Structure formats: C-alpha cells, structure tokens
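Once you've had a glance at the structure underneath, I'll fire off some questions.
When the chains are written out, they are named A, B, C, D and E in that same order, and each has its own residue count from 1.
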Amino acid sequence: TNAFATNGFIVVASTTSTVNSGLFKNILPKFTKTTGISVRVLGVGTGQAINVAERGDADILFVHHKISEVEFVKNAFGVKRYDVMYNDFIVVGPQDDPADVQKAKNVVEAYKKIAAAKSIFVSRGDESGTHKKSLEFWRTIPVDLVNSSGKWYREAGSGMGATLNLTSSINGYTLTDRSTWMAFQNKGSLVVLFEGDPSMRNQYGITMVNPTRHKHVKAPLASAFIGWVISNDGQAAINDFRISGKQTFFANAAGYKKIN
Amino acid sequence: MDSSANETLPNNVENKSARILPLVLKNVSYEKAGMRLIKDLSVTFNFGSLTVILGPNGAGKSLLLRLCHGLIKPSKGTVDWCGPKVSVPQRYQAMVFQRPVMLRRSVIANLSHSLKYRGINKAERTQKIDNILQHTGLSRLAKVPARLLSVGEQQRLAVARAWSLDPEVLFMDEPTAALDPAATHSLENIIGAIKKSGTKIIMSTHDLGQAKRLADEVLFLYRGRLLEQADASQFFKKPNNDLAQSFMRGELLWWNRQELKPPEQLKERRQK
Amino acid sequence: MEIGDAFAAAMALIINFESGLAEIVLLSLQVSIIAVAIACLIGLPIGAALAVFQFPGRTAIAVILNAMMGLPPVVVGLIVYLTLSRSGPLGTLGLLYTPTAMIIAQICLVTPIIAALTRQTTEDLWQEYAEHLRSIGIGPWRAVTTLLWDNRFSLITTILAGFGRASAEVGAVMIVGGNIDHVTRVMTTSIALETSKGDLALALGLGIILLALALSVNAAAFIINDAAMKRHG
Amino acid sequence: MEIGDAFAAAMALIINFESGLAEIVLLSLQVSIIAVAIACLIGLPIGAALAVFQFPGRTAIAVILNAMMGLPPVVVGLIVYLTLSRSGPLGTLGLLYTPTAMIIAQICLVTPIIAALTRQTTEDLWQEYAEHLRSIGIGPWRAVTTLLWDNRFSLITTILAGFGRASAEVGAVMIVGGNIDHVTRVMTTSIALETSKGDLALALGLGIILLALALSVNAAAFIINDAAMKRHG
Amino acid sequence: MDSSANETLPNNVENKSARILPLVLKNVSYEKAGMRLIKDLSVTFNFGSLTVILGPNGAGKSLLLRLCHGLIKPSKGTVDWCGPKVSVPQRYQAMVFQRPVMLRRSVIANLSHSLKYRGINKAERTQKIDNILQHTGLSRLAKVPARLLSVGEQQRLAVARAWSLDPEVLFMDEPTAALDPAATHSLENIIGAIKKSGTKIIMSTHDLGQAKRLADEVLFLYRGRLLEQADASQFFKKPNNDLAQSFMRGELLWWNRQELKPPEQLKERRQK
C-alpha cells in the first residue's frame, strides 16, 4: 500500500518503561500494518539507549530525559527531537505509610518526610531518567545521601522493574514512572502514596539518529515511523493504550495538540 | 623376599582356624556381552591346601579368581562361604591382581591405606609395614610414588599389600610373572611360609615348574570350563584330561584346538 | 506460595501452547546448540592439543584458559557488542541484534569452558596413551584425534557443561541480541523480562520450561552416548 | 575505540584506588569463594558417590545433575528470592538482599557443576581403582574419600570451573542481592549497572579488573596445586 | 602364534637392509627426581643379532629400552641412530611394552590404528591384520574391545601390533611374561622368524631359559649400570661379572647386595 512495504525494519532504542508496559506491543502492529515496516524495539536503560543510538546501532531514540535528548541533537548525533507523550512519576510505598507521605503537600515534602522518618527509600541508582528525576527532588532537601547509602537510603543500581521488586519485598518507598507501575505485578503491599505534583511530569521524546553521521541509518523508514508516531493515527493509538482499563500515556505531539 | 627370614614373617598363626572357609561354587556360570566366559563350574576350596589354577591364556583363570573373591557376581549358580564368620567375608580375604592397582600415593601409603581401613592402629601399622617392606625388598623404595616403580617392583608391592592384610584366604593371579628369578624364588618361599601359617592360597600361574613346586591341588581350566581337578602329585604325573595333557606338553593353543580333538561340548563359545 | 503458581503458569503456557512460546523455545535451542557445536569444533582440539603439545608458555595458557571459564557474560556481551556495533570494527556486517550475534557471544563464553575441561580430561588419557602413540611415531595432531576419539564418552559431560552455560546465560545475549520480540527473544531474556515486570510466576513458569528443555537435551545426549558406548564397548 | 578507553578506565580505577572499588572487589571474592567452598563440600562427595554407589535411578540422577549444570541464574535467583522473601518459607530469617542470600544462590548454581564434573572424573578413576578397593573391603563412603584424595590434582579444574561460574554470574546475585550499594554490590552487578548507564568504558574497565582477579585466583590455585603435585609425585 | 606357519609370516624380508642401525649410546645417564636411574651407559647395537637384556627388577631394563626407542631423553650422553635414514627413525622401530597400552577400541581397530598412521592403505591393512591375527591366535577376538581381553591376550595383541609395523628394530619388554607355555613357545618361534627376516630385536626377559634359546648377545644391567655385555654363548657358559654370576644362579637380590660384595661404585644410589 505504500513505498516502504519492502519488509524493511528499523531499530528503536528505548527504555524498559515503554517496553515493559506493553505500549509498543500494542501500537506497533498498527504501524506495521499500514506501512509494512517492522520495528525492533530495544528496552534498555536510558543511558544505554543513548549510547546505543550514538554509536549508530539504532535508527531512532525514544526515551524520557529531555536534557540528554537535546544534548544528543546538539552534538549532531540526532536530527530533531519531537515530543511524543507524557505520563507522570509517582511515589509508591507500603500501605501503612510509616513516613506519612500521603499527607504531603508536594513531592519535596514527601521526600522530606521519608528522610525524617529514615524510612527505607530505594533509589534506582542507575542514572536513568527516573533516577535523575528523583535526585532533583533530593537535592532540594538538606540530607546526606552519601552517608545514608546502605542504611535507609538503598541504591539498587538496577532497572525500574528490579527496583520495584526490591521495594516490594523490603516494604520501602520509591519513585517510579506510572506505566511501569501499572504493568508491574509483584506489588505486594505497595500502593501509590503520592502523585499529581506538576514537577513529576514525565515527558517522552523521539529523535532520528543522524544519517549523515551514520550512513546505514534507514532515514526514510525512520522518518516514516516518527511521522506516524506524531501523526493523528499514532497519537490516537497511544491514547487508546490501556493497562487494566486505565490510560497510561498521554499523547502530546505538537501537531496533535493543535487538533485536539 | 628374603627367604632366610621365614621365622619373622608377620603372619599371625594362632588366628588361623577356618573362619570363612570352605568356599563352595555350585554350577557357576559367568556371562558377559552374550558370551559364556565361565561355564557350569562347581568346586569346593577347603582349608589348608594350596590350589593352583592352570590353563591357557583366556581360559578364565582371572575371572574365576574374581568370582571367588566376590568382585564379580555369577550369572548363574552360587558362590558361598560356609565358615562361621561369613557375614563379612571380605575381611578375611585378600587378592594380588594380575595387573595390580597402584594408588596414586607412595609405596608406604599404598600399604597403610588398606591397613587403615582394616582398623589397624598407627603403631601396629608402622611396625607391620616396616617388616613387610623388608621381606619384599621394598624398604628403600618406601617413599617413592608407587606408580613410578618398575613393573616387577609394583608386583612386589601388590604382594606386600595383600600379605599385610593377614588374610585367611589369599588369591594370587600370576604373582611372579614380572619378578626376576631370585625374587621368584624368594616369593615361592614366602608363599610356603604363608601357607604354613594357615592361610589358604588360591593362585594362578603359567610357570609349570612353580606350580609343581607349590601346588597341593590343581584346577585345570579351559575355555571357561573346569576340565580337571586333581591332587598335584597325580596331576603332574599324568593328567586325566587329554587337553590338560597337551597343555602340560606345551602344545595346547586354545585357538587351534580342533587339531587336538576336544570334547564336543566345547564348541559353542563365541559363536555369535 | 509462588512456586505453585509457577507450575500452574508453566502448565498454562504449555497447554495454551502459543506460537510465541514455540518461537522463543526454538530460537533458544537453535542459538545454544549452534554455539556449542562451534565451540566444540574450536575448544576440543585446542584443549586436547594443550594436553599433548609441549612448548614454553603451555602452563600459562592452561591457567589463562582455566580463568577464562569465568568470563563474565556481561563483559563478553560488551566486547562482542563493541566489535559488532556500527562504529566497531565489524560494524559493516550489520550483525548486532541478530541471532548470529548471540551465537558469537555464546561461542566466546563456551569455548574456554570446553577447552579447559577437555585439556584436563585429555591429559589424564594422554598419560596412559603417550608412550604407545609416540612409539608408533604419530604426530601430535594425530595424537589429538586419537585422544579425542577414544575419550568421547567422557567428553560428553564436558560438552554438556558448555551447553549448560550457553542455554542458561542471559547477560551476553541480552546485550548483543537486545531481547527484541520475534527476532532475538530467547528463554532466558524472556525470563529476565517477566521478572522485571514483576510477573514472577510467569518468569518461573518459563524457567521450568527451560529446565525441562535442558533436561531433554541432556537425556538425549545420554541415551545416544550410552547406545554408542554399548556398541563400542 | 572503546577497548582502549576500557583499559584506561581500568587503570584509572586501580590508580585512584577508591575504597568503593576495594569494597566491591572484596565482597565479590568473599561471596564467590565462600559459595564455591560450600559447593565443594556438597558437590565433591555427591559427585564421587554417584560414581561409586550402584542403585536404581543412578543414571537418572546423573542425567539430572548434568542438566542442572544449565540452571539459569535468573531462575535460581527467583527461587531463592521466593524462598527468602518475607512472604516465603524462610522469610523470617531476613536474609534477602544480604551477601548470605547471594552466597546461597551461588551455591545452588555451582554445586551441580562441581558434582557433575566430579562424577565424570571420579568415574574414570573408579574404573581403575574399583577392584582393589572392593578387594580390601572398604565401604563405598571410604572409597569416595580415597577417590577424591587420589584425584585431587584433576579435580582442581572442576573446582575452578565452579569458581568461574560463581564469579562471573550476575543474574542470580542481582535478584537476591539487589545490587545495593555498600551492601550487596559486587563486580558483576557493577558492570551490569555501568552498562545500563551507558558507560561502557567503565563497565569494561571493571570487567578487566574482574578478569584479572579471576586470573590471580586461577594462578594461585595452579601454583598451590603444582607444588602439592611435586611433593606427592 | 602358530609356529608351523613361519613361512607365511607377514614380514617383508627384502626391505631389510640397515636403514637406521647401528644405534649408538654414548655415556648415557638418566636422572629423575634427583636419582640416577641409568648410569654412564655406553653400548652399540648392530644389525642382525638378537640382544637380550637381563637384570633384576628395577635394574633399569625398561628405562634402557625406552631410551633406545627415543621415548625418554637421556639427562647426559647421546643416543644416536647412525644408519642412512635417520631423519625419521621412529618409522623404522616398534616396541612391545611391559604393560601394553590398549586403545579403547576393538582388537582390530588397535591394529589398524597404527598401520593407518604409517600410511598403509586399507586393502593392504585388512590383509595384513588378518594374517597377523591368525599368527597370534587372536582371530576370534578381532571384534572384542581390547581392554576386556585377558592379560595374556593383551600381550599378544601388543606383539601383533608392533610386529605389524614391520620395523627394522623391534624392542620387546618381557613379551612372554603373561603368556601360557604354548604361546610362549610359539612366540619364541615367531621371534626367531622375525629375526631371520632381518629385524634387529632388543628384548628383556626374566626367563633365563628363553634368553638362552634366543639371545645372540646379552647385556647384564644392575642398578642402572651395564655390568656386562657379552656373546650369549660365552655369557651362558660363565659370565665374567660376579653379580651376573650370582644372578644366573638365582641368588641376586638387589636389595641385599651388600652380602654379595659388589663393586664400590655402586653405593651412591638413592642416598638422598
């Protein structure tokens, strides 16, 4: 039905949060059906995803750390970054909420309460988008994380899923993106304790790897995918994706917003 | 193997009244890979006498010794110890294999290993080993790793090791095959002394002179069959069996036995 | 308790046998078996040669080989990744994120294991055979052939150790394969994925299936080996 | 190219020797060595006993043991995790996310490897020793002792194979240890972490240090073994 | 080992003019673990004659054969082949070991293995093997795994295997030690025939009768030293060396040699 129906494929370097949530599994068939292009998605840490893209081992970067993405484009690794969608970060913790986080007015206060109570907080500790976000909040509070590390402040050094597994078995607190949380099945006694602070927004962006830098990048196919993702069809598909009946990602590509 | 030292041989004469003997084999057959290697063999070994097993290569001498010693189980028939202490017959036996197994240890450790497992305490062990090393001419090799010994030295060690266990029944599979003439002579003296001390010896040999010198009783094996069991004196005068006769004349080649007009029943072997 | 759930999940996976699972199982087997086969082609002669040849530095190589049994999968994955990456020396082949890349990584992991264990086993047999083989004057390479052939029934355990490492390994195939659905997803990466999703029962269920597979391969190897042993005595 | 960077990173790590690295290195060695030591205590006698004892189901156990050389670390990690987790049967011990949990997981991984390889090696020696040992009437357990002792120089490779698996493994220790900084972070989990951060040079640098460690352990084992061999002939 | 078939022995007479002989050992010593096991031995082996090495257990007979065959290197001194084809001396030699190595294969495969590596083609191999199996009485065991053979059968196979290589120099280390009397007799005939076909045989034995029957030349070894090299007829009449004399009388026990008043220089061994 179109020019690219040549069984071509592209590689998208993305994060575990999008892969684990099942978003790609849900929306990619729609893209492949209309274009014939298949998409191979890599779910790795944000840092690793950027590294993979920088080396030219992917055609597209699809992550959620805007500062790094902008840097990526500025250094001519990528062509142009587009906003795609967002969701938010949430603080999860044990149902009995020993630090009384539920009553916090904003996320910084929630963090303060955890530090004050010396309740166990599990940090990703892997320089991922989520980890960097969490550090932003910690930095606003006078707390000595270095000395607390290994005591109440635990640096898990692993992906969101593994960190959640850890948090659920030691009944700690952690910051997670909502999509991973919604798809996560080993919640144990963990519940969402704090959400809704505007500073907890989690923005995803998409960038094509620079084909002048990496000759083998399949620019036409990659543009087709990016075009589709930020098109009305793609954005609708993202909005239609549900985990247990709830919308997970909110499409916000520039053009789409206008139409809405 | 100093023949002059018979009086100091470390065997314990007073203990030697039949504990596990006699040994009775009834209709024993041994099959392996579809071949009948020992056929319908019945024999009784009694206390006291020295039995020599004769027969050409591949006759089944080693298999018979293994069957008696309990290392392999007969496919048919029974092997029974009929003495008063038959619950642990292995304790009262020892064997010198045709190809002795050398533990990856020194000569002395090879000896003490088996003594230890027979529950002999350290002091007694050391003394016993010293004594036996001297009698088998291995004293100066005591600390050499056993696997580096010459073949003849290994055979001596195997004899020393079995002998040290002070068995009631001692099986020996061609114990002098690798020994030099003097050592052979000396071991024959030792064997005589062991026998005198009340140990039943059942051995195989290809040395007919040795058999004549040592045997009280002879078994003649041929292709897995016991063709003759006789008193030594009678056997060495003239065996009854025609195959035994030609064996004694140094003629019996088992692979061309058709020329020797053998009994009909011997034909079945290895036909498959 | 989850162990029960895991068995239920495993049964459900097998009963509602999806083509997705079949695909993953087949790819796992294919990658591991090809990797082990190639590792044998390289590792068996190298191991046996190390037992037979005498040259300066022989012990050093043996020690290095022993140490390389402990090559961390992630490190091997990284090195293969850097080599096959578009900006790496073999980037033009475009092998990254393909089953071939996974096979290459597993070959790197398994070859030292097979070579080191083969060296040990062969050395024991060489002690026995050396004098005869040198007496008939056959060269060391032909001695290697003889030793490998006559030792084949013992070497099966060595090869199965290599297979165990290959089929259980996740760190290297994850990095060079990327765990891409329908392309490079194998049993172990699926298990890791389900674990990170928190679906421990499904992860364990997949684990049970993987173990059953390993058991079948081992049983098959044993039966073939045993039959051959019976035939050759 | 990154391999150069990796060596630079490794050198930098060693030169600016941080206490952080020392902590990780020590914990790695400690966990793996304790795990292998315990796995030997269990695996060596089991392997040798399987070679010596005759009982129905012996081959079945040998095949299962061979297959268990391929236990996937993630699966072992999960099972240990479920057992030690608060809601698991041993939850009250509070062992999850401690070095002890990591040791337990590695014992599970390494014991089958040591047992299976020991069975093979011991079987070869038992063939030689069987008649003598049975002749002197020692029981099978004492035969096991004799065989293990007389085979100690060959078994070193077996033990090193187990050590290689333990020290290189990441999947299991990640799940049961959690890679918690200052508590359960070891070399392999650090490497995985740096990889996921995209700092491949640092990851490889750590990998080089880990390999150097493995090499030292192997060289030490070799030297000790060789000295003992010279002494005992 | 059918002695009546000497005419059809598979050796290739016409090829047998010296290719690697003579073999010259000059001041050869062999040390191991600090012990001097062969001491300053010089001897030349010439084409044609049959040499028998005699000496008590542990004298160094097997080590000397290994040194000659090139399996171990002397610590001091030289072992040189001085014939025209010395670039690949191994091709023209074969050895029957005291403890023969049985490949984990059938009897027939044990034979064809070495023939294959000598580049003999399949048809010729088959014929040669058939012939040799018949002469050594192993035909009906052709397909049996070699390691299951009886010890005597294994020794025959070892002889067959070495013989099949059709060597110019054949080393044999006590080749009849495990053979029954008839097989011993037969092998002696075969040895005679091999020698007649132009093969140099260097063998050790503990059977003095056999040595007398076969030897052209005798070497007497004692504790690693060559004490006498003599024509067989002269040696068996009366050896010059006093230790050789007592050895021939069946008296020489190497571990109590002090009673035999030996030469002074023999004292140093294994003092450390």
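The rule we apply is simple: contacts are C-beta pairs under 8 Å (C-beta built on N, C-alpha and C of every residue); 3 or more make two chains touch, one makes a residue touch a chain.
Quick caveat, the model's predicted, so the values are computed rather than measured.
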item: Chain labels contacting chain A and also chain E; value: C
item: Interface numbering overlap (same over half, different under half) for chain C and chain D; value: same
item: Most remote chain, CA-based centroid, reference being chain E; value: A
item: Chain B on chain E, rotation in degrees - Cα superposition, rounded to nearest 5; value: 180
item: Chain pair with the most C-beta contacts; value: C-D
item: Rounded Å distance between chain A and chain C, as computed from the means of their C-alpha atoms; value: 35
item: Approximate Å spacing (C-alpha centroids) for the pair chain C, chain D; value: 17
item: Separation of chain D from chain E, taking each centre as the mean of its C-alpha atoms, in whole Å; value: 50
item: Multi-partner residues of chain B (at least 2 other chains); value: 33, 148
item: Where chain D touches two or more other chains at once, by residue number; value: 81, 87, 175, 192, 195, 200, 233
item: Where chain A touches two or more other chains at once, by residue number; value: 44, 159, 162, 165
item: Pairs of chains in contact (touch as defined earlier), listed by label; value: A-C, A-D, B-D, B-E, C-D, C-E
item: In the complex, chain C residues that touch chain E; value: 128-129, 131-132, 134-138, 142, 146, 150-151, 232-233
item: Chain A-touching residues of chain C, taken from the complex the two chains share; value: 85-88, 91, 94, 96-97, 178-181, 183, 193, 195-200
item: Chain D - residues contacting chain C, complex; value: 1-3, 59, 62-64, 66-75, 78-79, 81-82, 87-89, 113, 116-117, 119-121, 123-124, 154, 157-158, 160-161, 163-171, 175, 187-188, 191-192, 195, 200, 203-204, 207, 210-211, 214-215, 217-219, 221-222
item: Chain B residues within the chain E interface of the complex; value: 1-2, 32-33, 55-58, 62, 98-99, 137-141, 148-153, 156, 174, 177-186, 206, 208, 247, 250-256, 270
item: Chain A residues within the chain C interface of the complex; value: 11, 16, 19-20, 25, 40-44, 55-57, 159-162, 164-165, 168, 183-187, 214, 216
